[in-house]
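So, here's a batch of structures to check.
Common to both upcoming complexes is chain A, partnered first by chain B, then by chain C.
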Partner chain A sequence: MGKYFLKRFGQMLVVLFLVTFFVYLLLDLIPGDPVYAILGNKIRPEQYERVYKELGLDKPFLVRYGEWLSGLVQGDFGRSIYYKVPVVELLAKRLPITFFINVIVMTISTSLGIWMGIISAVRRGSKVDNFITVFSNIFACVPGFWIGIILVYFLAVKLQILPTMGFTWPWEDFALSVRQLIMPILVGVLTSLSVMTRQTRSSMLEVVNQDYIRTARAKGMKEKDIIRKHAIRNALIPVITLMGIGIGFIFGGSPIIETVFSIPGMGNLLVSAIGNRDIPVVQACVFIMAAVICMANMAVDIVYGLVDPRIRVK
Partner chain B sequence: MRKSKFRRFMDTLFSRKIVMVSFVVVLVFLVMAVLAPLLAPYDPYEQDLMHTLQGISSEHLFGTDKYGRDILSRIIYGSRISLIVGVGSVLIAFVIGSTIGMIIGYFGGWLDTVVMRITDMMFAIPQVVLALALAAVLGNGLWNLTFLMSVGAIPGYIRMLRGQVMAIKEQDFITAGRVIGASPGRLMFFHMLPNGFSPILVFMTQSVGGTILGEAGLSFLGLGIDPPTATWGGLINEGRQYLLTNPVYSIAPGIFIVLLVMALNILGDGIRDAMDPRLRGQH
Partner chain C sequence: MEERILEVKNLCTGFEVDGQTVRAVDGVSFHVDRGEIISIVGESGSGKSVTQMSILQLIRKPGRIMAGEVLLDGQDILKYPADSEEMRKIRGGRISMIFQEPMTSLNPVLRVGEQIKECILLHHKMTNQEAEERTLQLLRDVGIKNEKIRKDEYPHQFSGGMRQRIMIAIALAAGADILIADEATTALDVTTQAQLLEMMKELVKRYHSSLIIVTHNLGIVARYAQRIYVMYAGEILESGDTQQIFAHPSHPYTRGLLKAIPRLDDDKERVLEPIDGLPPDLADKSAYCAFEPRCKYAGRDCREKNKPVLHETDKGHFAACHLEAEELDEAEKNFEKRTLKRHHHGIIKEEKLLELQHVTKSFKKSGGFLKGGGEVFKAVDDVSLTIKKGEILGLVGESGCGKSTLAKCILKIYQANEGKILFRGKDIIPLKEREMKGLRAQISCIFQDPFSSLDPRQTAGSIVGEPLKIHKLVSTPEAYANRVDELFRMVNLDPALKDRVAHEFSGGQRQRLGIARALASNPEFILCDEPISALDVSIQAQIINLLEELADKLQLTYIFIAHDLSVVKHISDRIAVMYLGKIVEIAPCEELYRNPLHPYTQALLSAIPIPDPVVEKERKTIRIQGEVSDGALEIRGCGFRPRCPKATKECEHSMQMKEYTEGHFVLCNQIKKLKEEI
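Our next item is the complex of A and B:
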């Protein structure tokens, strides 16, 4: 197990290293002179020289990348061009908000999705199955931001029972926090639930057709016990992988959800940083999202290895 | 007389009513996009500042926007963007991804290792975030948008084709081709690609809907195509500020997105089931 863990950890580091290179290279390719982007066009040549040096643009690409990477390893993401503060300061405020919301969404959507997927597979062809299938097919086609706006229209504008936007930590004002969180979490769950449900259903259906399930039936085991003791346990293994995908999906949805509800999280920061051409912030946000997803996938693979010894051997 | 393979495929495909309906819906959207200038009741760019933000009326079915432009006409024109980006980016991803995938699957070696690590990296970045980062680099515009939506899908095609080529390349008909002197390129494009094409086609049809959703998301964030061009995502975003005066402004374009994406998804699933009936109802 230790060896497997180390191997997986090494793989993750390689991928993360590639991500840093990719992110740096990509954003270095942005057309236009960053000096003009920061200071505007009406600057004196001396000013231009100074900022040009300050940004390290007189050095070759690989040197700049090396400096950026060594800063990153020490937790220094550079300075935001737009906000004029270290990027870490921005992230320190915004990352926890995104995490907080996404963890809640993730918890609700996985547990609900697995539950719905199992019911749907066990009662295949029944009314419940049809309902769940239609429900998840519909929500797979609906843009999250549109659901968000419709919710805002009905709950906040028409009925005026929820605030339209914003974010408050629960320990600052619990009632307000809950009221502000309802809509973003609902949107997050509704858009990610169908992925979870469909995956659980299909992996459960695959298991139900296996020989050992037939054997269990043949020896006269009760259907309930077959499902609980044999089917679910085996079907949940691929579902663990799904949680890795789910984390990516939910984090990928953050920029949109946080924009719709004006939540000052990392997704919102990323979107506004792109608008402001604030490259250090964009780099940091993309890197952190990739890092979170890589770590989640690693954790998933390790849990997978613990649950199913066959994986480790492969 | 024995039915041709294609006929049999079409018969199975349209044996289910919902697939038939979806096919018709997709066709309607295609016609709408192509014939937009004929179908749209007004010029989508013509401003009428005397009649801004009107609600539903007989003259303007979905009302008018903040510049007095007819929302229905803008939605009709918006279908062009969604379809071009949706279909275009799937095609681009297929061409780039399958070429790379076949090459690394055929030749293997260090190139294979390097490319596979790069795909690992791309899978680590959520598609939306990847598209956002690329949007920062490429800037706005129809072709940029189409390209950046395709990038996130490329690794999927690379892996798929690589796997297929690796499975096929040792088979007799490929060896035979090699023996009579066919070049690797010929073997790849004329023998391996057609041989494993049906799962790819299924994957492509199933991903158009998702791509359209992604495009709508980017347009919503203002990172797609610059105004005054009408996009569905952009319309929803504009309408957000006028929920109180004209909620249809935001709601109507969304209904079009949902309809088109749903029809495309059902059609995609239908094509999968018709190609391999064993898979029906599994996913």
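Our next item is the complex of A and C:
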């Protein structure tokens, strides 16, 4: 198991290294002169000079990349051109918010999705199954921002029971925090739930037709215990893979949710940084998202090994 | 009278298919006494497994038990709902079942000990500690060594035979009175099969419980069962005492089966008489006798009178047939004259068609990404063989012996590492694929599984005709169509079926397609890799006869691979026995059966039960323990040594193939002593 972990960790480092390379390449891939691209054409030569140096454009690519990378390893993402502060300071405020929301979304949508998938598979063809299938299909094909806007329109504008926007930490004002969080979390959960539900349902249906479930029935086990003890663990193996993808999906969706609900998270930061041509911030955000997804996938592979002994041995 | 523990009365189980009820089990009645071993015999689709599943109410939708009673100790258990407390106590607690597929019947993510313990705790009030001890005891009972370590392992760490042992342990866990072995040993090697059946018999005796063996293998029945029920199309056609049924089979189907299957003690000249036709489609069963369309004995009565019911023909012997035993005997006299004795021509020319010289194929055991190179494992180890034109060589060995690897080397699917494979004197090993092309037309093959070896989306005609196009053997579309029709007729298939796809054919028909495809390029040599193992017993004889007939007609040469020595006897001129990559014995067919020299050959022969209880009783059997893999890591000397009952120090030395009598070679250092014993 230790070996397996090390191997996966090594692979992850390789991937992350490649990610840094491509992220850094961003600067050089912008058409035209990056400084003009960032600041526009109407700038004074001193300004140009300053930013040119700040971006390290006077040095060869590999040297710049090396410096950027060594800074990154030490937790230094450079300075934001727009906000004129170190990128790390921005991230320190923004990242926890995004994490906080996404972890909640992830937890709810996974547990709810698995639960709904199991119910729907066990009671296949029943009304509950039909309802769950229709319900999850509807939200699978509706874009998240639309759900967000509709929710804002009804709950915040018409009924005025929830605030339209903003974010407050629960320890600052618990009631307000909860009220502000309801809509963004709902959007996040609804959009990511269906994939989870449907995957669990189909893998569960496959498992209950396996020979070892028949063996368990022939032992005289209760149907409930068969599902709990024999079926779920086997059915979750493909679902776990999906969780890795799901984390990526949820993080990828956070710019949208955070923009719709004006939440000062990393997604929001990324969107405005792109608008402001704040390249160092964009680089940092993209890198962090990639890192999160990589780590999520590694975690998935490890959990995979824990659940399925056949993988562990290899 | 013995205590009647289980009695099934008039059981009917149906499946809803397209709004129609298909009766898979149609009025089946049987019983088992305490301490008895009975057998339910039937081919696939006969309803034998559904019957057993119905007893335990394990039938799932769209299936449904429609009528009947299942009396356990006189109490009807069908009146309990399928998921009731009472029914669950019976399942596993009173009646337990061992299923066919040991590879998939255990939960892959739970430790085996846990899976056994779970069953104990379900049915007995025990502490975890006590259950743990009982688990270890059970593992010892079913012959698993190092049980303390192995109980914490997962199913994939066990071989098929070992997994089936664990299934047996689960079945025994709660001390059930009735064990149902539903084709439990079918997928296993003959030596493993013999070990397991012997063990089950022992355990049943020890605990004074009962055993129901559900199988298609009449040999097993003859060796182990006290009474037999023969099933066909969801009904019982004949039942009675084993001795009685084998001595005086009263139903044409039973008679047909006994004539169709190859037997170890057969005279080589005996012609296998297949049962013509196919099992009936259960969806539209007629009101007449279900076997009538395939019955050679059938008279006018059979088509006019209603379905025959089971009636006593002799004391305790029942059959469902309008014809009396005398009438059957009379009819038999008539068609025995019609059976022509075919004699395989054997070697046509003293010409070496295929010659293998010291062929070796080794694989590296994968060491993984970071580990680097692993150990080298020789799947085929220094094999030398010669096959002359027109000869049929039977190649026999259990799974893992390297017979399929050898076949793949000959077909150049694998590249042999060492040695020479000479086809018509030309070594094919160094040939490039481009240079092989001409030879590929001359070397053909027929595969084991007719269900997965045919492309499901191609029509039968194009499957058969494909080699014609590849080797450019026909020039016009008419010639192509004619040749395909001719090939269809050669294997006794109607050319009108050309446009169907593979799944519309039965197993036997699909194998005919496979044969037609193999014949398309006019080959000289065909490699038949277990061509009949996946087929029903009544169909196997059809295919064996067809292959033999074609060999004569087209002057073909075969290597016929099988895992069991009874099958190859009829068709082979010479037989080679393989063990751990080496040929351990090779001899002319009859010589090998008369005088097997290698202890492994002897063990293989004695592991195969003969479908005749009288013969079975007289037989002396040699049991070997363990499995093929047990010797896999042995490097010095004989690979069979760890399992060999006759092994001595001498066996650690290297061995040489010795000629014992003319054409009879054996690879064993004990051979001098063996000679004296015989």
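We adopt the following convention: the second predicted complex is superposed on the first by the 293 of 314 C-alpha atoms of A that agree within 3 Å, B and C clash if a C-alpha of one lies under 4 Å from a C-alpha of the other, contacts with A are read in each partner's own complex, and residues count from 1 in each chain.
By our rule, a contact is a pair of C-beta atoms (placed from the backbone, for glycine too) under 8 Å apart; a residue touches a chain by one contact, two chains touch by 3 or more.
Every value quoted in this text rests on a predicted model; they were computed, and no experiment measured them.
In the model built by aligning both structures on chain A, chain B fits alongside chain C without clashing. On the chain A superposition, the C-alpha centres give an angle at chain A of 70° between chain B and chain C, rounded to a multiple of 10. When both complexes are overlaid on chain A, the residue A:270 reaches chain B alone and has no touch with chain C.
When both complexes are overlaid on chain A, the residue A:62 reaches neither chain B nor chain C.
Look at A:161: by the touch rule set out above, it reaches neither chain B nor chain C.
By the touch criterion stated above, A:103 is placed in contact with neither chain B nor chain C. In the superposition on chain A, A:7 contacts chain C only, with no contact to chain B.
Once chain A of one complex is fitted onto chain A of the other, the partner contacts of A:178 are absent, as it touches neither chain B nor chain C. In the superposed model, A:234 lies in contact with chain C only, and not with chain B.
Contact with chain C, but none with chain B, is seen for A:217 once the two complexes are overlaid on the shared chain.
Residue by residue along chain A, chain B and chain C are tallied for touches, and B comes out ahead. Judged by the touch definition given at the top, the superposed model places A:92 against neither chain B nor chain C.
Per the superposed model, the minimal spacing between any CA atom of chain B and any CA atom of chain C is 5 Å. The touching residues of chain B, counted against chain A in their complex, run 117-118, 120-121, 124-130, 132-137, 139, 209, 213, 216-217, 220-223, 233, 236-237, 239-240, 243-244, 247, 250-251, 254, 257-258, 261-262, 265-266, 281-283. Those residues of chain A lying in contact with chain C across their complex are 3, 7, 210-212, 214-223, 229-230, 233-234, 237, 307-310, 313-314.
Of all residues in chain C, those touching chain A in their complex are 56, 58, 83, 87-93, 96-97, 99, 101, 104-110, 118-119, 122-123, 154, 156-157, 167, 170, 173-174, 368-370. Chain contact summary for the complex, chain A toward chain B: residues 11, 14-16, 18-19, 22-23, 26-27, 29-31, 124, 137-138, 140-146, 149-150, 152-153, 157, 198, 201-202, 205-206, 248-249, 251-253, 255-256, 259-260, 270-271, 274-275, 277, 279, 282, 285-286, 289-290, 293-294, 297.
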